[in-house]
Structure formats: structure tokens, C-alpha cells
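Each chain carries a letter (A, B, C, D and E) given by its place in the written order, and its residues are counted from 1.
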Amino acid sequence: MTNNTFEPTIIGFTCNWCSYRAADLAGTSRMKYAPNVRLIRMMCSGRLDPTFVLRALSGGADGVMITGCHPGECHYIEQNYKALRRFLLLRRVLTGLGIEPERVKLVWASAAEGARFASETTMFVEEIRKLGPLNWGKSSDQSTDNWSPITDNSPKEALA
Amino acid sequence: MSEKIGVYVCHCGTNIAGTVDVKGVAEWAAEHLKHRGVVIGREYKFMCSSLGQELVEKDIKELGLTRVIVAACSPHLHEKTFRTACKNAGLNPYLCEMVSIREQVSWVHTDKVAATEKSKAAISGGVERVIHNEPLEPIQVPIHADTLVVGGGIAGIQAALEIADAGYHVCLVEREPSIGGHMAQFDKTFPTLDCAACILTPKMVEIGSHPNITLLTWSEVEKVDGYVGNFKATIRKKASYVNTDTCTGCGICWEKCPKKVVDDVYEAGLGIRKAIYRPFAQAVPKYPVMDVENCTYFKNGKCKACQLFCPTEPNSINFEQKDEILEIQAGNIILATGYDLFDAKRIPQYGYGKLPNVFTSLEFERMCNAAGPTEGRVVLRDMKTAPKSVVIVHCVGSRDENYNKYCSSICCMQSLKFAHLVMERTGAEVYNCYIDIRTPSKDYEEFYKRVLEEGGHFIRGKVAEVTDSARLPEEEGKLIVQVEDTLIGKQRRIPVDMVILSAGIEPRHDAKEVGKLFGIACGASGWYTEKHPKLDPVATMTEGIYIAGCVQGPKDIPASVAQGAAAAARVLGKIQQGVIALEPIKASINETQCSGCRICNGLCPFNAIAFIEDDKVSSINPALCQGCGTCVAACPAGAISGTGFSDQQIIAQIDGLLLKNLEEPVAA
Amino acid sequence: MDTELSFNDEIANVMYATHGNPIKDCLQCGTCSGTCPAVEFMDHTPRVIIGLIRAGYKDEVLASNTFWSCASCYHCSVRCPAGIDIADMMYALKRYSMWKGQHQEGLIGPVFSESFVKMIVNSGRSFEPLLAPTYIFKNGPQGLVQEAQTATGLMLKGRMPLLPKKIKGLKKFQNMVRRIIPIGEPS
Amino acid sequence: MKQYAYYPGCSLESLATSYNLSTLEVAQKLGVDLKEIKDWNCCGATAYFPVDELLAHTLVARNLALAEKDGLSDFVAPCSACYKNAYFTNSYLKKDADLAEHINYALEADGLHVNGTMKIRHLIEVFIEDVGLDEIEKKITHPLKGLRVAPYYGCQLLRPRKDHENVENPQFFENLLSALGAESLDYPSKTRCCGGSLIVTNRKAALDMVQILLQDAVNRKADVIATTCPMCNVNLEVYQNQVNREFGTQYSIPVMYFTQLMGVALGIKPGKLGIGKELVSGEPVLAFAY
Amino acid sequence: MTTKPKFTMYWAASCGGCEIAVLNTHEKILDVDANFDVVFWPVAMDAKYKDVEAMEDGSILLTLFNGGIRNDENEHIAKLLRQKSKILVSFGSCACEGCIPGLANLSPVDEIVHTAFNTITTDNPNEIYPQTTYDVSEGELHIPKLFPILRPLDQVVDVDYYMPGCPPESHQIAAVIDLVIKVVKGEAELPPKGATIGVGDSTVCDECPRARNVKLIKEFTRIQDIAPVDPTLCILEQGIPCNGPATRSGCNARCPQAGAQCIGCYGPAEGVMDYGARLMTAFASVIDANTPEEIDHILDGIPDPTGQVYRFNLAGSLLKANREAWKRIDKRTQGE
């Protein structure tokens, strides 16, 4: 697969206190990074519902980046650990569904780590670029009319 | 009802317009998001200017906008501005959302096309989200006028006095038998070398006698319930076995007590006290406490000398006394629990605990104190010989990846003070071994200069080790300090009689647990996290809980006092308001849907979630909830919802960001 | 854009497993030098070497005997408050100077290392008698006498084997080495 | 019985044969099953890192790979330098996938593969932690009563322990010696470097370092210096006469492997422990036990 | 007789358990007969598709449709019955969310066929596979063509009501039948379209009698690996992943009452978008560990997390199927 022209679409979740501020800092410091990540602000990484990730992936995103305060530095004391727990389970479930777990990434960035935010973002975009498009949105096209049933049940050809 | 949405795209001069096709974006929104309710898409040079704000206000009034999107800088900068503008025009402020296309687009991207596309996606996401925003009203909570101050060091003392003097009641809880904290252990304080007792004692006495202050020493907070304006603290007042109603503090009991105990707290292990004791002469309150761990009677059932000799009528010693549990109400809480000294034993190469004449800073402070174990004489561990030469080691446990990474900020000045005191009291040669001398405050550099002039030696180099293994005849029987003098590039082995370790300061060993009790967090280094490091240094993330003094980070007495006063001012402001408006971003539980599975119960760090046994459902106290949303994300039954960051809002924003709303109209 | 690597980065690049080591974090505190048991025999202390590296004094650094005097005891690394693995950096400097073929005259270290490597490549094991001649002469005639005395003493005690040992799978072992450094084709 | 992958290292085949002998004797007595790794190679000691870092790690990794192949879980080295090398390479292998890939590429040519799953142990650790001091104490027949021992840890043994132990003032060696009935001294230079390979490359520096160690032992009136590493042992023992010549001193202090002291206390015949092979006689030590 | 409203029931990709459940309503089944004209119910009576095709649109009052849409025959009948019925009820988990047949969405269709016809347990030495068309002397035979993935009913046609359960509890079925009869008699009103009927409004925990506390799990295990299970304490609290917290109530917590963990057949609670996500978040929330290593270690106790959280709901979830399965569709639509 050649993906030279493939521009991944990535949804990023940030927490209000650290990672969103890191993104702000990257901005105020005019750091440059890849434009492929579109951010959503939540109060805390603990707000991260796995549903959001699934919705993004099934809706056309090629990757999801979850960011929050460093362990031990959560503004809500310890909620980022809860995000971590969900993230680790979610990755396992995604793997079971044949989705490369690398498509969902968890990044800790403090409000002071604009540079980290920028470099992690660019790195992630490159990782996703390497993985290629996920294409879930297109496959899950719901209009049943263009669905062709399998006409030949012989696996010999299909498996070839 | 279908919404009328206004989209405003800011140029920010050329800040945004330089990279994003602002006009194009505004037009695109008006056209392509029309079916989503966008009725107007405008661009403007400076949206935050008064003219920009008027634009929004006018449209709200004239076009009847029901939702507003401002695509400009970060919401952290101007969200308040535009929400206020909406409010002025009669629109609920929470129906306005900002979309960051400056910090997150124009400033970080160079490709104009990509930046413009990203801006469109961001606006599309914002529009979808704002459709689901609900009008919210701040929650009003009345403020109880009493304040709880925890920790009676100089910071807590200052805070308590400020509030009490302003006419409000304060309850001051101190763990030790007396207030005073670390400052009470010192003899002289830098940079002016005031006598610590002279400036501290009057304040302590004032605390003891202030009509507006309830002083609870030998006490600890065990539990905190409630929320800003309305805290309820459970306090354990430990049994002191002394009836303070009758005790006169005459001192006969501890004079007669046969049991001597090494005083690790106040005397830093250098002196002794009795099993019944008052830590120091100026202690407030003046009553002794009995240390049952060491009391002969409690151990062997025999003695009672204190009771026998107690002269009061009725006798003040009461072996039957029990711990008391008190409950107090408070509107605000100030935590001023201070610091612990870094344990110098953790750096074995400095020999503390093994080589007798290596001392810690606090031991040295006690030695200098006229009321201390040596009555102010600076002597070796034998308690008589004066040293002829002394090395003071800086940065012990500080600025070190192996221990604490931060600078303890007080040890440079304190080491200079030590150098001065050693020279003044013994005439010994003094060497300060340092990495950098940091004296960034008024009159501090002058103090450094003074010590230089007095003849103190300064060696720029971190001490590698202290040993008693002599190599040369002149090293016999001495402590040898091995250090590179980095300024002259020489290896030095300095044989001296005494070494003082300027141990750094650390968060209290129990800071984490205590923080948890009050619902506040520690940063990476263990100090409590302030709301904003520059602009809100005494408030915390938990409304109504303030911090002052060394709990917030290493600092000296002037800074601790300033913070104590600042925290008091914040509290007084709150009390004056009478009520407080809380951000309406909260979680709540739909009781019908809640199954009582209790999965959410352990998740809230602010203890906002309670399980109601009778109904077998959980419920959230809105005043305690800080709106993090963790429980919302966790409830498997989907019974918890959150305002401001609801599932619908976020899901809609995801779809919007992915531009799903353009192709297929999302069902309203 | 400036494409030339700074000396600091060049050195960082030859520290592979420790990812370049944070030598930029050095506080110049001197703990390493104060700790080093070999410091008396170094023309620059470890701290100064770091200072020189950061300031880009390449020639001074390469001309120094400091890293060849390092005993690799890692005591400095244990104590460094900036978390720098100085001992590892000393190895890196050795490698760099060997690689550039640029080091102080008359040092035994480089010769020793090279002959040691050869020996291992040839046999898979190290063997003292074989090693000795390559460096003994460097200690001068007196050194030779001393060494000979010591060696004879050891031989008499059965602590000096006469024949070198070889590992059995030497061919394959050498193929392995070949995948990393050129050692000539198999004979 | 648990089996350990035993990596004697080159010195134990030549200069330190007595270390090997005593190790095997003591291990047998204590029921520690040491299975020598087949066809191991030199770990490169300190001489390989100056030439090529990757090669240095690969040499170490080959031994680890051989041990992994045997399906054992613990890699045991009696030489502190071998131990340190194995420990560091092993931990890098675990942490650094890129390095592991490079190394495995080379190992492939030797038909091997390394995962970094071994637990790296020093011999003394196995005796103290796995056998246990209580167990050792029970088996002692000839306590070393009154023997003043300077416990010399040396440097390499301690470096990998930075993560979990007090490396500046460790106590485990002292505890072992006490269990043997000996009196372990507060030896100030116990973690100072002996000069290691500088003995070859910078004789003057190394002798200076050795001299300090000897002097400290003499100052503490030690009867013997106990070591945990063949390099330390050789430097302190074989080169004592050169130190004397260099500094005009008269040192004649026995230097023994900790395994030799253990062996004596466990009642193993001195000859079986390689005692008698020293240049500075170890005879005086025996007097305390018999 | 002809004035009675018409009733049909159909099974698509399903096991037949739903039909049994309906029959299990005992005497209630007689009410069905008394009040309805059963015109089409393949499992219970003989009928021809042609007869249904001939009916007028909207002439059937109530259709209980169970089973997912796995082949073109399923799809055809689903569309047909939709067209002919006033009230189409998605009946049982297979129709509502895919259920166990939907788990086949974890494999591409050719693999499924291969597994079914050519595994060790299948005696198929000549590797003969069913063909979609086959010529016999009487003419050409057709068997239904498989779709690449299984879809719940509402992904194919518009559905009026949902009745989840594997199978729905008989007492719930009886209640629904009663309701419809009342509606027919004008004694009651239908619930709003799209409602889930015959269920509770919370989750299984709500009906579960087991005691529960704040949950802190240090280890997950399978129920067969611990003995004995405390009969009074919440099963999840004992470290066994119980799907009860996320599963809609209505079954009276049958499984936990019987000593086993809930496996989730009633599907998600009201308003939930993705059932698996709710379970993930539930399990993750009770884990008592903070380091990735510890957490991972605990998660190792759930050997098949995907199957655990999507056992019944995979086809109805946001992602619906395994990526491999989707990829085959991509190829197909791209004309390969």
C-alpha cells in the first residue's frame, strides 16, 4: 500500500488543565506540528468514555490520541489513572477487533510541556500514516442496497 | 426547536489571518452549516475588542441567535469575555463556545490549506457541540463564617490571626503539644538575625488568648465532609492526661517525672524531655501532655509521680482521660502543615548517623538556641569541645536526581546563617561547600557579603563524601571532606572537626494522605498543587481549601507569612460575599436508571458520590462534585450525566470534527 | 540549516544504549571529580571534561588522558546529581578517540583494548599470557622484570595456564562478530 | 532443587582458579546446583566497551542467549565485572527494542536469540538471598571466631543495585561474615574501586588505588580482606609486593574470596578451596577456624 | 374469524430459542390463538412466502421477528414482513443486537464457511462446499447467499419495538402479548415507537439480590477457577467479570440468582450507544492498580476481552465487526 498522499484524520482528547494547556503553550511558543489532529476539550482525561474512541474510529478517524496530566499530577488528584485503566482495556478489545492497538495512543503532557505535545502529535501522525487508513467510516456505510451478498461460498477462491 | 447559531471567526490581526483563510472559513460555515442552524458567519479583525463583542451582542438581539461560536484564540484566554458578552445580550453564557484556531491552528501550522481545513473542521465540531449545550445557572452556596486552619507553624499562625482580627472565628488545629512549628526551634533567623522567639512568641501568645480563636493542640483532623462554605471536620483531640481547666503549667510534674525520653521532634534528637512534657518554655498552650508510649505508669502500671506531686486542687493529672472527638463547621479551610527535614541518613557517603560529628541543620539550630540542649554553645557530639573548623555542606538531598530534584530554597541562606553563627560563637574556620549560592531576596545578598567579610571560606563544589579514613598525618582524628573546588580546579580534602549538613526540606511524610483527606493533590515533588503557580498560589483545585507556607513549596519565613496573610485575605473575601457561585459543570445521577451497582462509588476523589442504602442507588452531591466527568464515563448503566460536557455534546463534536454533519444530515 | 553536529552531539551519538546520556544537564558541581578514585592521574577532572565537551573543545578533550585513566568504577555515575552516567560517557570518549585514531601518545589503554578484542575474536576467551607481551614493553625494562616475577610466581601456583582456551563454536561466533565489525573473511 | 546457569568467566579459569574451586565446593555443600553454561565466551570485561558498544553488548548477550536456551531462570556470575556487564546488557535488552533487534541480528549468525528474560545474579546474592543466612549458619562447623575481616565489595558488584539497595553503605556482606562467626569491620573504602583493569593500562594509578584499600584495612587492624570478585582479588593480592616497592610499605595482608571463608567455616578442606595458591599466604586465616 | 388481527412470527439467523420462549408462555399461547389470526409462523405451521407476498401492505398487525440478517433470504423476508406489518417487533437478542450469531462477525465469511465445512471434525475429503446455485435434473437449485457480516434487524429495516433477551423471558413475552391484545380492544395505548418493551428500566444489578460494596479488584478470574463463589456477595466483587452492571434489567437477574455471572443477553441499558464500551469502563473502573504493568497484569485475567464485552452485542455495536470482515466488504464493493 502506498500512502504518500494519505493524510490521516485523528481525533485528540485533551484535559482542560494540562494537555489542553500544553497545546496552548505549543501555540504561544509557535511550535510547528502536523495539522492532522483535531482536539476536543474535556475537563479531565477521566472523562474519557471508550464510546468516544469507538465513535471516532467508526466515524472515519484513523487514530485517536488521548492526553492528560502526568500520573500523580491530575488536577482531580487521580482521575488520569482511571483513564489509563480504561485505555489499557480498550486497547485489548480493539486488538480483538483487528484494529492495530497503536491507533489509540495515550500521552501524558503537563501544562508546561508544549514541546512534548507538539512532538508527540507529529510522531503519532507519522505512526498512523505508516499504518495506513482505517477506513471504518466508509466500510460501515449503512445503505444496505449496495451490499452484495457473497455469491460463491467456496473459500478456495476467496482465500486465494 | 431548531437553533439559530452565529459563527464568528477572528483574524487576531494577522495572527490567525496570516495562516488561515478567515473570510473563506466564515463563508463556508454560513453556507455549509446552514442546515445545522448556522444563520450567520462573520469575520472580524479583533473579536475580543469592544467592537467585536458588540457585534456578537447585536446579532443576538437582532437575529435572535440562540447559540454562539467564536473561532479565535484559546478558550482559556477569552471564553469568559465572550460568555459575558452573550450574557449582556440576554443569552445564557453557557450557550457560547469558543473554538481555538490560533493556539491550535494558525500558530502551529504553516500550510495554509491544511490550516484552513482544520479550522473548518474545528468550527463544525463546535457547532455540533453547541447545539447540545444547555443553559446553565451557577450554583449558589452560602458560606459558613468560621474557618479551620490546620497546622500552627508561622504560616498557620499568621493566617489565623488575620482572620480572627477581622472579627471572624477560627479553629486552629495543631498536631504537636504546642504551636510554633519549625520556627520555634530556631535561635536566630536570617537575614536580619532576629531572635526567633522574640518575634514568634508574641504571636503565639496572641493565638492562645484571642477571643476569636479556638486552639486545638495535640489534635488531628480525621475526616472532612461537605464542601466549600459548608465543611464539617471531625477532629480527634488526643488525651493529654492533664486537666487543662485546673493545670497552671507550673512544671512540677515534668520536673518530678523520672522517665527521660530523647526528643526527636522539638530537639531534633539532640536533647531530652520527660514522659510528661511541654516541648519548650514559651509553648502555647502552656499545659504539658503525657506521652503514653514512654510513661512508666502506662508501661508497667507503676509511678504516678506526676500525679503525686501535682500541686493543684483538684489534681490536674487524670490517667483516665480519653481521646475526644469534636466536630466543627467551617466555610473555608487553610492547610499550613509545613515540611519535614530531608533525612540525611539517606546519603550514606555524608556519614550522618555513623560519624558522630556530622550534624543536621536542625540539630545545629537547636545547639545555637540559648534554651537548647547546649544552651547556645556550638560544640561537638561530646557536648563540650568547641570545633576549630567546620564544613557546611549545601544542597543535601536537594537539586539531586537521586533524591529531590528541586532547590530547597532556604538552605543557602540558612547555611550562611550557620557560617556566621559558628564564627561568632567559636571563631572556627568555616567552609561552605556549595553548587550555587542563591540569595534572591531583599537583603539576602548583603548577608552573603557580610559572611564573606567575616572570613567565611567558600568552595564551589558539591561535597563528594565525608570520611574518617585518614591518609595524611594532619587528617588523623578529623572528618575529611572530599570535594572538588571547581573554581580553582583543585581536588580538596578538608580535615575538620565538624560537618553540618544543610539538609533540604521535603513535603510532610503524610502529605499525600492528609491531602486526600481534604481532597487536594500533590505535584510530582509532593508539595500541594496550587490553583495557578503564579496567579493563584494559595488557592487549590478544591474550592474552599487554601494552602499557605511550606506546604505549597519550599520557602522562608517572610514568604510563609505572606502566604498565610494571602490565604486569610482570600478566605475573608469569601466570608464577606456570604454566598458563593459554583461553576455549574457537574455530574448527576438519574435514580431510575441507577442500578446501585456501586461501580462509581470508589471513583470520586472528592467523595461527592454517596450510596443511599435505603434506595439502593447512588447519588452525587453537586457542591462537592468538581465536574471531572470520570463517573459519567464510568457508569455502565449510563445513569450518570454531566452538564457542560455531556455525552451528547462530545459525541456530536466528534461527528462534527469528522465532518459527518456535511454529508448526511444528523437527525436532530 | 546548520548540519554540522556539535561535539556534544557527536559524543551523545556514540552512547547508544543510554540514548546519549543527559550530559547537557551537568551542573558542573564536581561531585564526579570529588568521587573519582583515579582523578589524581587525570590531566582534566571528569567535570572539566564535560565542560570542555559542551564548549566544543574537541582537540583538548581528545588530547586528554582522562578517559583512558577512568577505571569504569561507576562511582561518579551513582552520585551525579544530574543523573549523568559519566562512566558510560568515558567509554564513549574512548570509542570516539579510537574511532578517530586520535589519542594521547604513549597510552597503553588503546593498545590493550585492541589486542584484547583481537584475542577474544580469535578465541572467544581471554588469556593472560598471550596478552602480556603487547603491553609489558610499554612499562619499560623495570616493568618487564616486575611483571616476569609476578608471572612466574603465578605460574608456580598454577594460576597461569600455558595454553589459551578456545570456545568450541568459534566459527559461528566469529560470524556473529562479523555482523557487527569487519574482521576479515573466514579463512 | 533449583538450577542456576553458571557463568564462571575467564578469570576463574586462570588467575582465579581458587575462586572457582571454592565456589563449586561451597555451592555443593549448600545445595546450590550450578550448571555451567555450555561454550560461553568472554564477556569482554572492561576492555570491549572502548572499541565497540554494540559488540560489547552482543558478546554479553551471547552468554545470556545460551543460558536462556537452557531454560533456566537465573544467570549467576561470581565475577563482579561479568555480573555488572550481564546486568546492564540484560536490562537494556528489556528496555530498548532497537538495541535488542541489532543484537539479535548478530546472534542469528550464531544460531542464537536473546530475550532478556534472565534474572541476573551475583554469586553472593544467591547464597545470601536464596540459601539464606539462617541456613548457612546452621551448617557452620568451624566458625571464624575472632577473625577480623574487611568486607570489600568493590565497585562493580554494587552498580546494578542502585535501583533497590543502599549502594554507598551496603550491609549484606557484613551480615554474611557475621553469620560465619567472623568479626566484620567497618571498612571505609569497602565500595571504592580497586583500579580494575588500570592495573594493565595505568599501573601507577592502580597501585595508588590499591594502596589506599590496603592502608584502610591495616588501619582497621584487619586479619584478612574478603573479596567478591577475581579482579579485586588479583589487584589486592598479586600486586601487594609491587605496592610495597612503589610506596615503601610492608603490607602482607591475606586476601581471600568470600567463598573461601565460607568454605573454611563450613569445614571444607583448605586445599579443596584453593587455599595455598596465593602469593600472600592465607595460612594465618586458618588458625582462627581450626 | 377473519376479523381477527393477523399475527406472524419469523426466524432469521437465530437458534430457535425465541420460538420456544414464546411457546413457553404456556396458556398465554392460547390467548394468541384466540385473539389473532396466525397467518405465518414457519416453526409452528406450514405457510408459503408467496402467501405473504400476496397480502396487502400493512395487513398484518403484529410481527415478532427474531434472528439477525445473515443472508439474502433473511433480508428479503425482513423487508417483506416490514412492508406487510403494522407493528414489527425486533424480537430476541439476535434481531436486536446480533447475539451469538453476530460473533461470527469476528471472522470473514469465507473463513466461516471453511471452518464449518472443512475442519478436523468435518468429514469432507473432497473439499466439497455448498454452492449458491446447483443444477439438478429438475432445474436450477438456489440456496440463500451469505452476506459478509450479520446485521441486526434495525440495520436493514425500520423497527417499531425492541424486545431483547436470549431469549426474552416468557413472563415478559406474556405481558407484551397482553398489552397488544388490550390495545386491539382499545383498552391501552402503544408505547412510543422505537421503545424497548418487556424490560426493566435499569440494569441487571438493579434486580440482583447480591450484596455489594465499593469494588476494588486486584485480580480477575473465571468462575470455574474459584471455588466456592460466595453466594451472597456481588460476583464482580469476587473478581469474576459479571456483565450485569451494563446489561438491561428485565430478566430478574436470572444468572446471578442461579450463581453464575450475567453474560449480558439483555443488551445495553436505555440510551447507551455502545454496550461494550460500557462494560469496558465498568471493568476498568473496579481495577485497583495504578501502574500500567499492574493494570495489565490484572487485565490478563480476562482472557478474551472482546468476546467478554461484545458477546451479544457485536453486530449492534459501533464497530459492528472485526476489521478483517470489513476489509472483505471493501474488496467486494471495489469490484474484486
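Details
To be clear about the criterion, a contact is a pair of C-beta atoms (placed from the backbone, for glycine too) under 8 Å apart; a residue touches a chain by one contact, two chains touch by 3 or more.
Since this is a predicted model, take the numbers as computed values, not measurements.
The chain with its Cα centre farthest from the Cα centre of subunit A is D.
In this assembly, C is the chain whose CA centroid lies farthest from the centroid of subunit E. Inter-chain contacts peak for the pair C-D. Subunit A and subunit D, compared by their mean Cα positions, are separated by 50 Å. If each chain is reduced to the centroid of its CA atoms, subunit D and subunit E end up 67 Å from each other. In whole angstrom, the spacing between the mean C-alpha positions of subunit A and subunit B is 35. Of all residues in subunit D, those that touch two or more other chains are 168, 212.
Touching of two or more other chains is recorded for residues 273, 278, 281, 284-285 of subunit E. Contact of a single residue of subunit B with at least two other chains is seen at positions 349, 603, 633-634, 647, 651. Pairs of chains that satisfy the touch definition comprise A-B, A-E, B-C, B-D, B-E, C-D. Here subunit D touches subunit C in the complex through residues 10, 13-18, 39-42, 44-55, 57-59, 62, 84, 88, 92, 96, 99, 105-112, 155-156, 158-159, 162, 167-168, 191-193, 195-198, 200-206, 208-209, 212, 238-239, 241-242, 245, 276-279, going by the rule given at the top.
Remark: subunit E residues 71-72, 75, 106, 108-111, 113-114, 118, 127, 129-132, 145-148, 151, 155-156, 273-274, 276-278, 280-281, 283-285, 287, 289-290, 292, 295-296, 299, 302, 304-307, 309-310, 317-324, 326-330, 332-333 touch subunit A in the complex. Within the complex formed with subunit D, the residues of subunit C that make contact are 14-17, 37-38, 40-41, 68-69, 71-75, 77-78, 91-92, 94-95, 98, 107-110, 112-114, 116-117, 120, 124-128, 131, 135, 139, 143, 146, 150, 153-154, 157-161, 165, 167-169, 172-173, 175-181. Residues 74-76, 100, 102-105, 107-111, 114-115, 117-118, 121-122, 125, 515-516, 519-524, 529, 541, 585, 603, 605-606, 626-630, 632-634, 642, 644-645, 647, 650-651, 653-655, 657-658, 660 of subunit B are the ones that touch subunit A when the two sit in their complex.
Residues 7, 9, 11, 20-21, 23-24, 26-28, 30-33, 35, 38-44, 46-49, 51-52, 55-56, 59-61, 70, 72-79, 82, 86, 118, 137 of subunit A are the ones touching subunit B in the complex.
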